[in-house]
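Both of the next two complexes hold chain A, though its partner changes from chain B to chain C.
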Partner chain A sequence: MRRILAVARKETRHILRDPRSLAVAIAMPLIMVVLYGYAIDMELKRLTVAFLDLDRTPASSELQMEITSSNFITPVQAIPNRSEIESGFRRGMFRAVVVIPEGYSEKLATSLESPVQILIDGADGSTAAVVDNYLNAAIARINRKLASEAFGVETLPIEARTRILFNPQLISAHFVVPGLVALVLVMICALLTSIAIARERETGTLEQMLTSPVAPAQVIVGKVLPYIVIGAIDAALILAVGRFVFDVPMNGSWFVLAGYTILYIIISLGLGLLISTFAKTQQVAMIAALMGTLLPTLILSGFLFATSSMPFMLRQISKLIPATYYLRIIRGLMLKGQLWFPFETVALVTLGTVILSVAIFRFKERLD
Partner chain B sequence: MKTIITIVRKEFQQILRDKGMLRMIVAVPIIQLFIFAYAVTTDLKNVKLAYVDHDRTSESRQLVDAFFTSGYFTSVGMAENQTKLMSWLMEGKADITLNIPIGYAEGIVRGNVSDVGLIVDGQNSSLSGRGRGYAEAIIRTEAAKLMENKRLEHPELETKMHRIVPVTRYYYNPELESKKYMVPAIVVLLISIISGMLTGMAVVKEKEVGTLEQLMVTPITPMQFIAGKTIPFIFIAFFELAFASLIAIFFFKIPFEGSVLLMIAAAILYLQVTLGAGLLASTVSQIQQQAMFTVWFFLLFGILMSGFFYPVENMPKWIYMLTYLNPVRHFMEIMRGIFLKGVTFSDIIPQFALLFGLGTLIFGTAVIKFRKMND
Partner chain C sequence: MTLNHSHSSNLAVVAKDLTRCFGNFTAVDNLQLEVSRGEIFGFLGANGAGKTTAIRMFCGLLKPTSGEAWVDGLPISRDSEKIKRRIGYMSQRFSLYDDLLIEENANFFGGVYGLSKKEIELRIAEQFERLGLTKQKRTLTSELPLGFKQRLALACAMMHRPRLLFLDEPTGGVDPIARREFWDLIYETAEDGATVFVTTHYMDEAEYCSRVSIMKDGKIVALGVPAELKRKHGTQTMEDLFLKLVGVSGESGESVE
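Entry: the complex of A and B
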């Protein structure tokens, strides 16, 4: 135990002496949480719409007013003719154009239906879908009003009563911030540890340490101990920022979260150890850690992108990433108040056992 | 001039000799392009829908069918009651649940309003918001159909009832595939990583092994050194750009509507930024790893605030204003515009001007710092 602590103290000194690695360990996660929390806002708050009013009657102006009275929809300068539509799209001046055709007001009085054209910049497909939804909802509202004037009924025959659970205001930060814990822990535990071990190997000090009376296991435990502490501090920092800056709720139990987080830290350390057994230099360790752990955690775990929309192969890969399960657990705990994760627990424990045993086996093998 | 060419040649030899470097230039971008193109998707697919149908009439079945034929939802089954639906939501088995109450069909026939319960798992705010939008749109469409029937039954109301019919058309990407929008942006990502990181690392490498000092005592001026160091990476970046664009066009079938010349011009302005950033990182780093981290750190900022994933307009006002200072944002807009919209120079003068200004600033600062460092 004393020896482990000695190694740990030595490693801590290493970290503290290099201000840049300390900055990476503490400042980077903090910056990330603020940046991700604010910058990744998936909700379209301002939808710029231009009107091309070919009718130019009081009725058509009224329609414009009705559409823009909806939240989010911000009118931009009206455009004079059709040729301006495309150039406006190309310049990004608006996301959609509502064309009110000539004779709109006349049709309103004489016929049953009056068509209105909605042209949407579809380049950003998912935003375009939202734009379509907003505009269609605005027009549906107008139709409902027209219908109520005719029938004297206020509503359509079917009404959706929608309730949103777990994140009722659909706040992006509530989704992103807990996910960051998973990302940062992999960064600290897998990336930094694998580099630290590779550095000792590179400079030859690992062998020196192993020839000393300190047992290999003690060296490893001593080396990773400071990173466990840093990882725990980072997780706490992120959660504190999430709670006090972004108001992320905690509907489950901090105690359960702490338990799973320790499990996840151990698995991430196992990954770092595993990588260090392959990597002879820091450079290789770094690239392998980036490619093998950080990137998959970033894009294939469901951190931001839903795995359900991915092709079959990538969905299978995502099942092998520990973060996939940890993300479900931390979000389940914080947002849903779920406390029971049988499947996720089994998956995490299995993955952890495999990763750790391979890592330890390979580490021992390389020492012999 | 001759000196510069000599350094360029030396640099090329060094790069081509290094197997790891070659792999980073050729293999890594391809892998990234493929994985990113498939994984970085904001499409809405396979939303898990569970429902409970208390009414069990042909009308209620029609509503359920409308959901599953829409293409966005996959069924996770019919539950016997609301409690079951809630527990499925809690366990993550369902993303959205639909509850059709008893009397649904009767209410419609009588002309009353029938409420339908939707419960949405709101965790992933973007998907939930859109899933909710689609679900409500389906219900609206159903309602509109029923209204239509009513209208046919009551011809006397006909003249009184008027409807505005929206006819929607999408420009540039009619199928609304997120891939089309993401792939040009991934190309930007690739050349940023390659040109920024490699330049930074290449300069620091000379520092690490001490050859930088040796070079500085030769008659080579710092400017010549910088030119000689960066020119190879300009070539590599352009190779990368061409290569990735070809994959984008021929493999991913991304349309290319704009002009190649405009793209090259924009890329030159952008390379000023990335090469400058690499150089700047090299002045503050002692070892390659630090250079790599420094570039990566700033690149991460740039990418996050570029509108790569979500539109910059969604961000809070103060962050949105900051994104004007982000060269990645401008180049990404230009590239997406060139690929999908066929933008011409006059459409993107603001982006070009900002890119030019920021590029000159960054590269200029890098040169000044580099010269100071070597005095």
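Entry: the complex of A and C
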């Protein structure tokens, strides 16, 4: 215990004596969350749509009004003729064009069957899908209105009445911010420990320490302890930004979240230790820690893409990523108010035990 | 020679057929060695001769490929943890934390040796006084001149009163006066009853040792009291002896890697 404390005290002194690194460790996660949180939020609210109205009747103006009444769609200047569409897309003036053909209102009045063309910029696939959804939803709304006017009924024969639970307005931040907590924590924690160990390897102090009777496990525990505090501070700040800046609800319990978050921090620090057993220098450790955590967490954990829609092999890999489980827990807690995660708990504890054991084992081996 | 009884004998370090290979390269080749308690033993050789590899095995940082060694009577293959409590090790890089105060460095190494707070304070007071570090106690280590860093490294290696001290090129890069002063400290340490096992490539320092060995390509090519060795090989100085046996001079040997 004395030895662990000696290592922890020394590590704390390193941290406090280097205020610039400390500032980076605390400010970087905050900046990332604010940037990502806003970037993803803004993108979906300002979808630009242009109209090419060849009909020029009250009915066609009504259609335009109805579409642009949505919060998410921002109309841009109308296009005078078809030849301008392609160049507009090329210059990025709009994401989609709604073409109302000549005779739109006449067909609508006589046959209740009047086609409207929608052109979408497919270069950015995910935005294209969102634009498509918004425009279709707007047109469905108009259809219901027209049907009720024509047939005097409020409803169509079959009507899907969707009610979205847990994040009813599909506010992207509510989905994204918990993911950012998972991403930023694993990155910063892995980075901190891998650098801390690689630095001692570089300066030879690690070897000096290991000629003393201190055990590798004691070195590791002592080194990790102060960083748990930094990880916890980071987590608290990110969650506070999520809660108060992005209004992410907390339907579960902060205590349960704190418990799981500390577990996740310890696993992430262990990941940094593991990386440091492969890295010879601080630079290598830094790059490995960032690449080794950023990409898998971003792509394979379910942060951006649902794991259930992944090919078999990738789905298996995603099961080895701690963020996969932490994400389910934090989303479940904050959005759904779920409090008990037996499967995820077992998975996280198992992953953590394996990662730390391998790290300690390799740490010993590397001395030879 | 009854090595099996070495633990009860008066030997601080014994090596028998000690060998360490790195891939195809044999760094230490069937090393045979006996160092008595209280000796200042000079472990000489050009760089790459295998000195550091041998010391790292004695200190428990490396496992031998074959053979065995006993440190303070304990076999390194089995008792490296016990050995670590009894030895002090000072590496050629003075591995200290530059961003800690002098006192904090000593404090830390006292802590990893499991000393109590009281013992640590006592040892710091004692040693800093002896090594002339008391005034600089609250100085940042990075601001110390090299000669003082070297003394601090010695203080850190001796926090737990080791019976055996391994010094790997302790005087590298330090000016002649500081080297002379450091050797006075080594003498004092030996007079207090500790065994000092020291490597150096300064041949004037080799003259200060009670016995020396000269290593070449992982093997010991000469072993004995400096004066006797010089007489036997008919050389005037240790420098000449070294040149004759190893083929490079001690100091230029530094560039042989």
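Operating definition for what follows: the second predicted complex is superposed on the first by the 320 of 368 C-alpha atoms of A that agree within 3 Å, B and C clash if a C-alpha of one lies under 4 Å from a C-alpha of the other, contacts with A are read in each partner's own complex, and residues count from 1 in each chain.
As a convention for this text, contacts are C-beta pairs under 8 Å (C-beta built on N, C-alpha and C of every residue); 3 or more make two chains touch, one makes a residue touch a chain.
If you're wondering where the values come from, they're calculated on a predicted model, not measured in any experiment.
J.: Going by the contact rule set out at the top, does A:13 touch chain B (first), chain C (second), both, or neither?
T.: In the superposition, A:13 touches chain C alone.
J.: Using the superposition on chain A described above, determine whether A:139 touches chain B (first), chain C (second), both, or neither.
T.: Only chain B; A:139 stays clear of chain C.
J.: Quick one: classify A:2 as touching chain B (first), chain C (second), both or neither.
T.: Only chain C; A:2 stays clear of chain B.
J.: Look at A:147 in the shared chain and tell me whether it touches chain B only, chain C only, both, or neither; answer first, second, both or neither.
T.: Once the two structures are laid over each other on A, A:147 reaches chain B alone.
J.: For chain A, which side has the bigger count of touched residues, chain B or chain C?
T.: B
J.: With both complexes superposed on chain A, which partner does A:207 reach: first (chain B), second (chain C), both or neither?
T.: Only chain C is touched by A:207; chain B is not.
J.: Is there a shared patch on chain A that both chain B and chain C touch, and which residues make it up?
T.: none
J.: Spell out the part of chain C that touches chain A in their complex, as residue ranges.
T.: Chain C residues touching chain A: 59-63, 81, 84-85, 87, 89, 91, 93, 95-100, 104, 107-116, 156.
J.: Which stretch or stretches of chain B touch chain A in the complex?
T.: Against chain A, chain B makes touches at 24, 28, 35-36, 38-48, 63, 89-92, 104, 107-108, 111, 113-130, 132-137, 139-140, 142-144, 146-147, 150, 157-158, 160-178, 180-181, 288-290, 292-293, 297, 301, 304-305, 309-311, 313-316, 319, 333, 336-337, 340-344, 347-348.
J.: Where on chain A is chain B touching in the complex?
T.: On the chain A side, the touching residues are 20, 24, 28, 35-36, 38-46, 48, 63, 86-87, 89-92, 108, 111-130, 132-133, 135-137, 139-140, 142-143, 146-147, 149-151, 153, 155-172, 174-175, 195, 282-283, 286-287, 291, 299-300, 304-306, 308-311, 314, 328, 331-332, 335-336, 338.
J.: Which positions of chain A touch chain C when the two form their complex?
T.: Result: residues 2-3, 5-7, 9-10, 13-14, 17-18, 203-205, 207-214, 367-368 of chain A touch chain C.
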